């Protein structure tokens, strides 16, 4: 941490800053330049963030520059090697490309069973599907809730595909853990700290989606909430941030993939369906995500997108999804990677 | 709703769209232009949003344009006159300027009592202060929780100022309702639908803050969640959206004030402290908010910002806050309004 | 400038950095922390920016943090007192509120004469009007060009109002200087460095509008281009940046006003017409701009907005403009300021 | 074009709108719904944009919805098949991946000759290098100007690689055309309409970069400026838009690639160097761009990035560039495409 003083800062103001640094059990390092004085803070302490705010609020201070990242457990400095998250035998982060697929919402027993069989046949290794749906409008379909979870469990039994599904609060989390293999925390709840802490206390992998206005650092600190409670099995997901152009629903930030892979040991996957909001753009963005180094994809597939109860326009048909999978296999190979195959085929 | 067909759309595709509109119990209206066919959808139905998605996912459709706003209860068309929200005698939305003030976090009994007396003396009519704090990092101070709520209630007893404080989940909501006069739903929880629904079921006014990437429509639909459960006492709050410049913490969107006042009957206030993140910018932005037509302000004030356990840099001292209040009184008068005075002085 | 080394940086990499700093004629200051080494750069040099890039591109460097602002002449450190720009007797930046008004485009002799008289009667002290129009589409009305400049000069002769109008390239600049009192450099040309340099070489005040994606620093560096060529008469203008909501055309950033007033000695005005794109929002935003500390306003006024050849929806009628002026006078007074009156009335 | 009337619109207001549409030589189509009246505008006219603004500024109108795209010549409806732009034998847009490479700035004869040979050996088919440099600060290196152009021409003579380089104004454009094979119009000048028109009048292909806050539509309308003057040889370039996170310099918008490919027949390439600002992220983003369907790449390569006079941190060394090229070849093959080889090797 470095404190940049204002050009007019007085001697007393500088001394006051030095005193505060000492009171926090840290040492300081003054560098008096021609134009202004700069004070370095040396040492570490768990109250450093508080000290930063105190210094920033002090007289004569122009700004405080942080040198170290504010996250710990999620950082590469804490754990240099890639974390591999095991979800019912699927290994996310081992270098292969993991594809999760399924409908936006679970709508009926038939719909999810049919989709599960279809995406498995096409090569997906995990099944997605929402039972609890966060919808912008209170008048939209809100999901089948526990009934949906039961159908998901049935689809897993029928296909062997592990299931990922969203929980929006602590009560739903307990239900999801009972039925599913991986809890999704959605973009709108990325900073729902109560939910993050609860997710940190269960023994179940977490898929944490980036909020549409979340910085990379905020996403990592949200993961830090989960890890700080003891759950280290976290997969991050880029799903589009708020952009200014309406041709796509959100703005897919693929540079987040290499940036995150450099900063954190956690796996990173991409959701091209939520990001684009239009099925036509899903295949090129899915391929781009893999080329950018994503550990996997989560793709929306619906047997009849025109009849979907939510987000029809962004869901692929099983046929288009099969074609996409057929393109991903040589693509991954060209990148020196492979698309992860179902356990039975390994 | 208007369906714009692609230039190459076939006769069958157009017929299919018409059929779907009829199946939804609505009627259609075809306009065959030189370049493309446009189909108007006439009538209303609670499944219109679903129909929109189905049409958008259909073959031959370029895009679907919504004509009506997707919100209902919060809209001016539902209720043309301004809603006035009464919080313990303070009337928000009656044309006057309501000022709420207090520390970012409740830190001790003394701190909140002292601040409450200070902001009351300066002219504030409501007390703010966080007992449950949503913090970006799990290692930051998380609030005094129920103890903080008790101190807030004590401060109200001592000063007569109604209290607004944040709840981050359903459990906290029940506690907040027990102690406070108004529940704050913070920016990070603006789309926490479980919390919004719970807030809709209690008899307590709600202060709903705009999320940093929320569109005006998303904010109004979040309020619609609360209203659709029966709680009509909602105050909206602009507190800065995600910008690209770092001189301020967020980007205060003051055009949201007249836009919201036109679209909704609910009161709208502004938080210049969270928006700017720097106390120096709070007074000019507070005055600008009032000039833009805001129904009030929520301002952070701390007896010793340098010692604050959260957000010190953005908190005013009681002295600067007094000066701001002294400036707001003639400003409001010049605008044909008044700063609302404490009940005892009315 | 501070160089933060990577945790794994080697001794040689650190030495290399130190050597480069010395080669640039500056001295270094090593601080070896537990987690990483930090190297301070002491002294100043005109090649500092180049050194920064060289260091950032060197092995073992995590990032380089700049301590000082990159602009010079425009900064408060160069000139602590407010610059007052005199435009034909109108003094911008002297503490009063300067109002410039007129149509988006000059459309005919009658239209500009009528508008000039109308805005003068209402209290404006400068006339605006575009003769060269930067239009998003090549098929839109592009302005009357030199004919428009002549009408503007005629309107000035008739009313005594100094004229501000846009130039989009060096050739237009020479024409504009011949007829007008102030050159406008529009938002789209804020980083047209050829034009900025030309504007720096003429003896004519410049109104420099912020580009829609320009940071505060980029705006100040654009002004630095003009000043570095010798023209110190610059007025900055906030006119809305790119936002994500479509209710307004751009997103007016009023926090830019106090931020700029702190960083630079140059006057700052606000354009609420371009920012909002809708006349209904112009009066509240104009008042908010003044309350935020703006040195003035530039407002679009057209005798018949429905018949305007450009931007009709955002132009006020002379009547609405008169009402706005009548509201600004007591507002300015309440803020301890005044709306600047035409020279004849002073 | 569809006019949505306000719920309270009067009969007279509706008649007025109908009259205006007729006056513009178009016909109208009224649809009186329960909640509001909607008026369709049928027919086409070159004054449609003006009519839109006039209607939007009329009483009783809530908003006007455009149905057709505002661009013409650049659209797929004007020309359904992909345009192939030939630059000295390099065919951009023919399905292959075209790689342009070279330093950010031309710094010396040796530097550009050495780089040209290096990038050619690695497989690039065009040489980039700035002779006129748009720099945010007036104190940064501004390029070697005509001397730089001469070195570029010499490098072309030595290697056979066609040259692309930037022009910032009309005078520079004439010089660039004399020496180079393709004119670059940079992001900061995307809406410099004088320059766009000039570029439309020369016989030289144009590389048009997207401005950091430009919507897709604004980019296409900028290209329309060039085309409307007669120059149809335009290549569009996505180079990152303004984002809110500082880990990268700009935010690369790869969804712009499939969106543009759908809307326009013009080729689209990607600049991963400018977008990320950090060489480490260039290879993953370059590969992602190709996977997203980009017609090519423009990549910054410098023999000694640490000594570069501009943008050192984002330039690849010739070695890293060779490795990237070696990765692109199998990647393109896996996508059913190929990396375009120099003419001699075809």
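Per-chain numbering from 1; labels A, B, C and D assigned in written order.
To be clear about the criterion, a contact is a pair of C-beta atoms (placed from the backbone, for glycine too) under 8 Å apart; a residue touches a chain by one contact, two chains touch by 3 or more.
Model, not experiment: these values are computed from the prediction.
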item: Centroid-based (C-alpha) most distant chain relative to subunit A; value: C
item: Comparison of A-D and A-C (more C-beta pairs in contact); value: A-D
item: Gap in Å, rounded to a whole number, between the CA centres of subunit C and subunit A; value: 39
item: Distance from subunit B to subunit A - Cα centre to Cα centre, in angstrom; value: 26
item: CA centroid of subunit A to CA centroid of subunit D, Å; value: 31
item: Interface hub residues of subunit A, defined as touching at least two other chains; value: 213, 241-244
item: Complex contacts: residues of subunit D adjacent to subunit B; value: 2, 4, 7, 29, 31, 33-36, 38, 40, 42-44, 65, 67-68, 77, 242-244, 246
item: Of subunit B, residues touching subunit C in the complex; value: 213, 215-216, 241, 243-245, 247-248, 251-259, 262, 275-276, 280-281, 284-285, 287-293, 327, 330-331, 333-335
item: Subunit B partner contacts - residues on subunit A that touch it in the complex; value: 46, 49-50, 53-54, 56-58, 70-72, 134-141, 168-172, 188-189, 191-195, 197, 211-213, 218, 221, 224-225, 228, 241-242, 279, 305-313, 315
